[in-house]
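Some structures are shown below for you to check.
You will see chain A twice below: alongside chain B first, and alongside chain C after that.
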Partner chain A sequence: MSTTEVSSKIEYSDSEDRNALIAVKSHLIAGLLVFLLMMLAGLAMRAAQGTWLEIGADLFYQIMTVHGVGVVGAAMITSTGVQWYFLRQYVKLSNGVFWTNFFIFLTGVVLILGSIFVGKYGGAWTFLFPLPAISMGAWSTGAAAVFQLGLLVIGVGFLILYLDFGRAILARYGSLSRALGLTQLFGKEPVDYKHPAAVVASTMVLIVNFMGIAAGAVVLVMGLINLFYPEFKPDALLMKNLIYFFGHVVINATMYASVIAVYELLPRYTGRPWKTNKPFYAAWFAIVFMVMGVYPHHLLMDFPMPAWGLIVAQVLSFGSGIPVLVVTGYGALMIVYRSGIKWSTSAKLLFLSMFGWAAGVIPAILDAMVTVNRTFHNTLWVPGHFHFYLLLGLLPMLIGFAYFLAGEGDSKERPKAVDSFGFYAYLIGAFMTSMVFLASGANSIPRRWAAHLPEWIGFAQAGTIAASLVVLGMLLFIMRALISLPGANNPR
Partner chain B sequence: MISTVYAITLVGIGLVIAVFYFVIINSKKTEADYQSITKKWYSVRSKWFIFLLALGTIITFASLNPFPIPDQHKEYSSNDYQVVAVNGHQWYWTMTPATVKSGQPVEFQVSAADVNHGFGIYDENLILVAQTQAMPGYTNKLIHTFDKPGKFKILCLEYCGLAHHAMITELTVE
Partner chain C sequence: MYPKAKQAWLLLAALVILALPPMQRFLEQSMVMHMLVQIPALVIIGWITGKILPENWKDNIAPWNRWGITGIALAIIIMTYWMLPRVQDAAISEWPVELTKFITVPIMGMALGISWPQLNPIAQGVLKLEFWATFMRLGWLYLDLPDRLCANYLLSDQRVFGQLLLLAGSIWAVAWTLRIMFGIRIVNT
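What follows is the complex of A and B.
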């Protein structure tokens, strides 16, 4: 197979393309709506901590649980929509499998919502063993079981989708290492600057998520058995390892799936190529291992963990900041610099996502140091760093893609006033939300507290104002998505 | 430590903002010769990469030497260490004794009776001074020396159910 042949795009029938576009839009609209609801949940929690809203601790922790699981789920389903849209241009993917995962996902969502709001499950999305089984009467065994079953169902759907990804990638490239660009990296094939970044990124996501979800399935099944047969008591530290491996990998992978939009669209907006080359392949090869290896940075305060595991976690956490600082973020800066880019809302959001990711690395890397973690672990510093990543990194990629799909990216008109207003409300709100969390963490305020001590209430109130701005910006984005997306033609 | 980490974060984020702002204000002009841009900035990138590698190596060695977590296999002698047995329950702490002396290291032997908890020691200004996880089936040894007397608070730092935020007790340091 020649390299030019590999780089050419796949042909589908018109009806397949139409159906695929509807599927991608469904993923985006569903995902973004869930994000909006989860932002409202986040706003409610900050307002409750700031004493501006009175809700009971049981409802607070149910909201906290739905917020966590909802954001992870929305991130997965929306980023998969973005990834699938681009990947199917290079490998032959099945619409049927894509839809199947979508409907399995919705089934899981119904189970999870039922477990939380009917069954009153409030054991956090991390279902940290053995909390789901020991609630002191707050929720039933059944509610905990349905929650974990919901997660398991969603995981199965994604595994089916990844099987299709794997089948299609192998059919086109012969091996995962070739798809990752390793044959080029190690000199077995000449470097093909047109080897699709979407294929490289998707192969990485496929590998890590397959492992992550498999580990998740194992821990969920063990948890389910324990719920009904309490004499089966798995080791708490082993369960913690599996849960954080699963949780870290799946949420982290959403960034790597969504960044495909940046690789594909910034060249379109700047008229410059984003070439894949050896540093690019090397970075993505390293990411495969780093995304899977960093998870013990969640376990730095679990002193029985082997020291080498914690050292590896610290080193890899630093290491996983390097690809974005040296390859992806740096590449985005180069491609935009003196490009004459027209700043459409899509372009602004995609560029913002690179800022969010690059800057968000800093508090993340610091907290992943053992010595720092001793006074930052489980403070609001942690939500500070991941809200930075998610609000300023991931969501701008997803919304930037939605604007592209709505046809705004290639439009010659200036962005509408409502879009610009939405963008700045969102930008300021998201930045403030993250910075207030970081400031709270630097003041040792713990995370996951329904009621805050009087000394901390000012921070929560500032966070509430910031979160309101995020919701306002997101509302405007969603309105645009709902109005413009459904009827938009596929941008060519 | 906390204020240093916070300051590094603010300065770091500020620098990233400055770089992105520089590129944004330089995005309007069009430089048709993209190759000359990539050539120049690829060479800067190599240096930037080496800088980050060197920085990472230095930070790793400096921050892990000595290893910041107390040796869990070591028997801390009762002559040198005050011993406090801690157990986390839904939703209270048991701590024996609840009074220690300043100036002499304390070995907290931390465990949990039911689910995971987080044992966080806060000073009188509500600043976190030390912590470890409290896990069922494990006893974590946390060593801390209080340098001055005072009333410290113990807060739960791992979500453990509906009254997680009410799991507060007091430790007296004489």
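What follows is the complex of A and C.
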């Protein structure tokens, strides 16, 4: 295959393109709305911990469950929208399959919402065995089962979508290793600077999520069997390993799917191409294994775990994120430096995401050290690190893409005052939300406690104020997206 | 036409040999042989039969089996039924159940053989992952369950079977990964 052929774009009919744009917008709007609702849920939890809001413990745990599963689902569906939008320009993807996943996803959402708010399931999105089966009357076996069934259904939808990605990528590149750029990395083919970053990233996401969903398919069914046949007691540690493998891979991969927006959009705004090269391929190759190998950092306090697994997890966690982060962060800096970039809201958000991602992994790496984890395990330090890079890393990529799609990238207009206000409210709020979580963790305040001790309430109240700022910023973003997105043409 | 007729006779002979009481007893005396030799053999007989059906039969089936959906649905129903341990158990003790098994399992193989190639590649992928996950789930269950699932087999037999299922699933996973990642074909799946 010649270089020109590799870098050429795929042609679709006009009606296909129009339908695809509607599909991507539906993913974005649905995802962003869920994010907003879940932020309100987060605000409610923080206010409850700060004694400003009176809610019972059972409702708190239902809200915590819906918040966890809701944001993970929203992250998956929105980042998939971003990824699909760009990937289909390089390989021939099916609109039908994309829609199919969307509707299967909505079906799963209905099941999960039913299990939480009708069935009162409150065992957290991690459905850690054997908790779903021993609610002590808080929820029924059926509710726990419907929750896991909902996850299973969503997994099948994504499996279908990834199979379509795989089929399309294999049709064009022959093997996944070639799509990942390994043949270029190892000198079997000349380096092609135009090999699309979107294809490299999508291949990585496809591989790890496929494995994650496979593990999920096994562990969810084992959990279901245990619910209905309690004599069957699977090995709890094995279950935990599989659950965290599944959960960690799936949420982590949303980051790697969304970063495609940075690769594709920053070059537009700066007028400089994003060139793929050997370090880029090496980084993405490494991350395939790292994303799958780091999850035991959730199990550092499980003493029966084999020591080698924990050592590997600690070492990989140190390294995880770094390769792609370095090539991406450095690449972004180089591409922006002295480019005369126009700071549209979209460009600002994408650039912010680089900061959020880079800074957010630092507390994560700290906590992945066994000695630190001994103190910080299950404190609010953990929500601190992941809210940091989800609120300041992932969401800015997604919202930045929404702004691009809403037509902002094209117009010569400067960002409106509302957008700037929204941007700073969001930035400051998200930063404060995360820092308050981190500070709470550093003060040994446990995570997942509905009621806080009097000494901790100040933190929760500060967190509530910060959260309202995030919600305000998000509200402005969403209003803008809802007003401009539906009618916007496909940016050229 | 001639080689097809010869193949058909061979298949029938294979089925009869499997059904002969000594052979049947030999294959059913351990769970491993029963599940990993006899049943797959019956499926393969059905699969090949599906391949060599006369053309006009195939043409008659085709309108009822668009995209292979009907056939796959039938195969899944039969497979699910025979995955219940108690019916396998019953097949050993009661001849009508055994007879049903000798008829339906080859039919399942035949339905698979005819329909699989027509099935949408994405549906094939979903089913493959589901089959793989079933190997792993059942392997795990057979290893961990405290009780015997079959009145006719020992617990130790059940454990060995569980290990073999996990082993088969793992080999499958490795083969699949090598093929997709690097284009290396070990077995043609």
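Here is the rule we use: the second predicted complex is superposed on the first by the 489 of 492 C-alpha atoms of A that agree within 3 Å, B and C clash if a C-alpha of one lies under 4 Å from a C-alpha of the other, contacts with A are read in each partner's own complex, and residues count from 1 in each chain.
What we mean here is this: contacts are C-beta pairs under 8 Å (C-beta built on N, C-alpha and C of every residue); 3 or more make two chains touch, one makes a residue touch a chain.
Owing to the predicted nature of the structure, the values given are computational and were not obtained by experimental measurement.
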Partners on chain A (chain B, chain C) - clash or fit: fit
Touched partner set for A:147, first chain B, second chain C, both or neither: neither
Chain B versus chain C as contact partner of A:263, first or second or both or neither: neither
Chain B versus chain C as contact partner of A:314, first or second or both or neither: first
Contacts of A:280 with chain B and chain C, given as first, second, both or neither: neither
First, second, both or neither for A:235, with chain B first and chain C second: both
First, second, both or neither for A:217, with chain B first and chain C second: second
Arrangement angle, chain B at one end, chain C at the other, chain A at the vertex (C-alpha, nearest 10°): 100
First (chain B), second (chain C), both or neither touched by A:102: neither
First, second, both or neither for A:175, with chain B first and chain C second: second
More chain A residues in contact [chain B versus chain C]: B
Superposition-derived minimum Cα distance between chain C and chain B (Å): 13
Residues on chain A lying within both footprints (that of chain B and that of chain C): 235
Chain A residues within the chain C interface of the complex: 97, 156, 159-160, 163-164, 166-167, 170, 174-177, 207, 213-214, 217-218, 221-222, 225, 231-235
Chain B to chain A touching residues, read off their complex: 1-3, 5-6, 8-9, 12-13, 16-17, 19-20, 23-24, 26-31, 34, 37-38, 41, 45, 48-49, 52-53, 56, 59-60, 63-64, 67-70, 72, 90-91, 114-116, 118, 120, 122, 126-133, 135-138, 140-142, 155-166
Complex contact set, residues of chain A against chain B: 57-58, 61, 122-124, 126, 128, 130-131, 134-136, 138, 235-237, 240, 272-273, 279, 300-304, 307, 310-311, 314-315, 318-319, 322, 325-326, 330, 333-334, 336-341, 343, 351, 354-355, 358-359, 362-363, 366, 369-372, 374-379, 438-439, 442-444, 446, 448-453, 455-456
For the chain C and chain A complex, residues of the former touching the latter: 121-122, 125-126, 129-130, 132-133, 136-137, 140-141, 144-147, 173, 180-183
